[in-house]
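Structure record follows, encoded as structure tokens.
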Amino acid sequence: MQFRPIISAMRRNKVGAVLIAVQMAITLAILCNALFLIEQRVAWSQRPTGTDEANVVVIQNQWVGSPPDLAARLQGDLAALRSLPGVQDATSSNTYPLSGGGSTTGLSLKPDQKNATALASIYFGDEHAIAAFGLKLIAGRNFNSDEVVNKMGYTDLNPPAGIIVTRTLAEKLFPNGSAVGQSVYEESIKGQIPIVGVVDRMQVPWVGAGGWGSKFSESSLFMPFHFLSSYPTYYLVRSQPGQAAAVMQAAQKKLFDISRARVIGKALTLAAARTEAYKDDKGLVVILAVVCASLLAVTSFGIVGLTSYWVAQRRRQIGIRRALGATRNAIIQYFQTENLLIAGAGAVLGIAMAVSLNLWMVNIFAMQRLNTGYALIGAIVVLVLGQIAVLWPALRAASVPPALATRAA
Amino acid sequence: MFNYYFGLAVRSLRRNIVLTVLMIAAVGVGIGASMTTLTVFRAMDNDPIPQKSRQLFAVQIDNWGPDTKSIVAGDKERFQQQLSYIDAVGLMNAKAAHSQTAMYRTGAALTPANPSLLPFQVQIRAAYTDFFPMFQTPFLLGGPWSADDDKNHADVAVITQKLNDKVFGGGNSIGKTINLDNHEYRIVGILGRWDPTPQFYDLNNDAFGEGAAVYLPFTRAIDGQMPSWGNNNCNGDIGQPGWEGRLRSECVWIQFWAELPTAADAENYRTFLNNYATEQQHLGRFHWPAHTRIRDVREWLVYQHVVSDEYRILVLVSFSFLLVCLLNAMGLMLAKIMGRAGDIGVRRALGASRRAIFGQCLIEAGVVGLAGGLLGLALTALGLMGLRSLLSEEVSRLTHFSPADITIAIVLAVVATTLAGLYPTWRAAQVQPAWQLKAQ
Amino acid sequence: MLKMTHLSKAYRTEVVETYALRDFSIHVREGEFVAVTGPSGSGKTTFLTIAGLLEEFSGGEYQLDGANVRGLNDNQRSRLRNEKIGFIFQAFNLIADLNVQDNIDVPLRYRGFNAAERRRRIQEALGRVGLSARSRHYPAELSGGQQQRVAIARALAGSPRLLLADEPTGNLDTQMARGVLDLLEELHRDGATIVMVTHDPELAVRAQREVHIVDGQVVDLAAQPRLVAAANANT
């Protein structure tokens, strides 16, 4: 295929060619940044919490007023929940993964350290917590029942007998050896706190990409507390596989049977909590995908429209070419090569725009650097799109009869 | 002449229906996408109290100093957005502003009088009486509690109409009581719909969420040891255990707003705050020079980063999309106009000036823009519907079309399309009247 | 009415300068019917485009209806074209999107007449060419001869001082050509000034006077006895 005659023909349709190239460039720039963002968000929203999400039921419980016998009521509720059919185990905590709210502390290795060694989210739980969340203990031991004490609201500052940390937190605190048996200092509690166990994973309660907790999303710790408070607290009930729905029903009924002087704010599985927590992320992904699809559609219709016009404009010229011996394929190839040249220019410009758009967004927004692979994928998509879009007008051009040349314009 | 051009435009658009549909679709899709995101963005970026946004100020006092431990990094601009109880009370007692209120978010279980109904959770805002006039809350019945009620830590409450409907089945409930965590509060006022978006007065907690259902005197909530249900930040040392310990601690959890009607008032208040902090330094509580700030509502919204990066990116993406759509429409217009060069040549020969041709084609572009804008409006409605099903309830609250949005959509469509039509139109005006003759 | 003196028109490309008209002088008086003839490439069409103010000229003088048109801007030329000149093209140049009355309406709109005046003039022009019944037809629905009559009606509607016709019968068969020519003669009898460009000598003899162009210059045949030519044509 010869380029020179195509290029000289394009020079006569300069603006049209430039318009298509610029359109394709912007399409490419948006496309690869959007794909990149989509990929990141999907990966972010699929991170595991470390819990048995499908079978863990969360029940928010709030007592009316502050009954004096809170500790006994809590014990009673937990015993009743554990004895329900289909229940593996149950515990109570201040929060749960995917909830979006919780408490953070800084852990230090020395008592008067100026900056904390690691930030971690705090979960309260008894000796049933690991089983009730469905976590995997990978080192050390679980809490003993005699270590579990009552915590009267957040302003109660009694020190815990020990803590269980996540693997990530353990490695952050003690990169060179086992964390079990070591001690750390916490911001508000006086004295050393020994680490008694390590669980494989337990995500912090916050889920926003780039939001609070995103920098230490795998650093959590358990304190052996029963949380007694006028705040809403949470029962975590782990059902036998597949029985979450039945357990959720039965558990609420049981709790109201025990006492009606409470509010059950919400009841849902952690799997449902995940859907809710990442709803906006998923929404963003869908919106970006729809915009990308519309973008590709609009660009290709634009190519179809302008190329069709060029074909119409050159009908006589095409007829003459056909009369002079050009095959149908040669005509199709002509328009395909023309589009390839335009799209190629657009792709080069587009990659440059994509990279600079990304760099700009890295500066303005907390966005990551674009993987160059995405720019290349985008370029290929745009080139292929151009070839597909040009096919219809090219076929119309190929169907111009050679006899057209013999007629007057 | 406008009517003539308009008629010609419609006729010409009907003549080449495929190109016309493509152009209108391109503009419509672009407008639809950009208006969908812009509507949400505008709701987020909204001035929630336009008549007073330059007179209401959020107050910041740095009670942790430059050596804050972990929660807030050492950025001089980014310091505590809430106050400790000590400072909140200090500022309330000083009464240095025209009106002022300390406040925080809390909650309780409300037990309905009807024993067959289960207790339910209510969001509570603990505030001072100035809260209501400062933020221009609309009262349906009754009014704010009195300054004496603040002073006496009175068991009084203002509730929303929605809660009144739920608990009492509507009607005049002034003087009735509600039971919150086994404590009775006498209702003194019922608020009508009041839904500033974003909820500027407490952005730490659900900037786009639903507000409180019950308002209680701050002093009463503190007496009741009602804990903050919002953001609590402690700089390492939580202080002494227990409620009293929390009140004496440097933990921050209270929002503080001052109404300062004039620039001079604001300046005076800045001085007052500085003096207050300096005094705290002299008392030995602060070990650093005064570091305080007041920001009005608009500044506060920007400072608190109310519009998340995601939505800024989305707006950026959708407007780039609009640009692509306009380039597209521009290419098609060019094709269309060049295809009509013959007619234009004849018109020129018959006495149409360049200006006349220019006007005719530009109006045609405007008509395309108008049609595209109307299509765009329909697509925006569809897009917002889609967003409502896709996004969380909090954001879904922002997907409502205002009359201003409709105007913006139409004006944007017409102006943008006309701009895109400038080049093709200019080309049309360049068509020589002689051309057609030459071609014979 | 139309007076060109020592007029020249050059077309420049990067390499050469070709003169389409050189030292071209012509004078058409009010009420005349002049045929401009010449072989193809002689400069007939160039003369017409300049006479019709469609193009500018390089040198010399051109007076239209007593006014010098040299150096007028686009707006002024458009205005003059609209008010003083009626065009009759070989290919009719009707606007396909517009029906008969809207085609005739085009120059009247640019003239700025009010609706009543435009309606009156359209009716009158259509009546003149005998197409009153076809006012709502589109060009594609008319025969070639009818189309050309619409074009003539459009040219007449603005009461121009000068009618310029470019091979007005070139695209028509003999029957229709005769009808159009009869119409032109009738217009002439009613006082119109007509300049008709043609390469057809048979057509040219129907004019009062024939101006012959060769290589961009006028060879005036006015001195030759027209009667003889006319007699020949009639036989």
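As written, the chains take the letters A, B and C, and residue 1 is the first residue of each chain.
In the analysis below, a residue touches a chain if its C-beta (ideal position, glycine included) is under 8 Å from a C-beta of that chain, and two chains touch if they have at least 3 such contacts.
Source: prediction; values computed, not measured.
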{"item": "Relative to chain B, chain with the most remote C-alpha centre", "value": "C"}
{"item": "Most centrally placed chain, judged by C-alpha centres", "value": "B"}
{"item": "Mean-CA-position distance for chain C and chain A (Å)", "value": "74"}
{"item": "Chain B and chain C: spacing of chain centres that average the CA atoms, whole Å", "value": "67"}
{"item": "For chain A paired with chain B, centre-to-centre distance based on mean C-alpha positions, whole Å", "value": "25"}
{"item": "In the complex with chain B, residue positions of chain C that touch it", "value": "45, 48-49, 52, 54-55, 74-75, 78-79, 81-83, 87, 89-91, 93-98, 106-107, 109-111, 154, 158, 166-167, 170"}
{"item": "Complex contact set, residues of chain B against chain A", "value": "18-19, 22, 25-26, 29-30, 33, 37, 67, 69-71, 107-109, 111, 118-121, 181-183, 225-227, 229, 232, 234, 236-238, 240-243, 245-246, 309-310, 312-314, 317-318, 320-321, 323-325, 327-328, 330-332, 334-336, 338-339, 386-387, 390-392, 395, 423, 427"}
{"item": "Complex interface listing, chain A residues touching chain B", "value": "15-16, 19-20, 22-23, 26-27, 29-30, 33-34, 37, 62-66, 104, 106, 114-116, 119, 153-158, 187-188, 210, 229-232, 256, 260-263, 265, 276, 279-280, 282-284, 286-288, 290-291, 294-295, 297-299, 301-302, 305-306, 309-310, 312-313, 361, 364-367"}
{"item": "Residues of chain B touching chain C in the complex", "value": "1, 4, 11-12, 15, 342-343, 346-356, 432-434, 436-438, 440"}
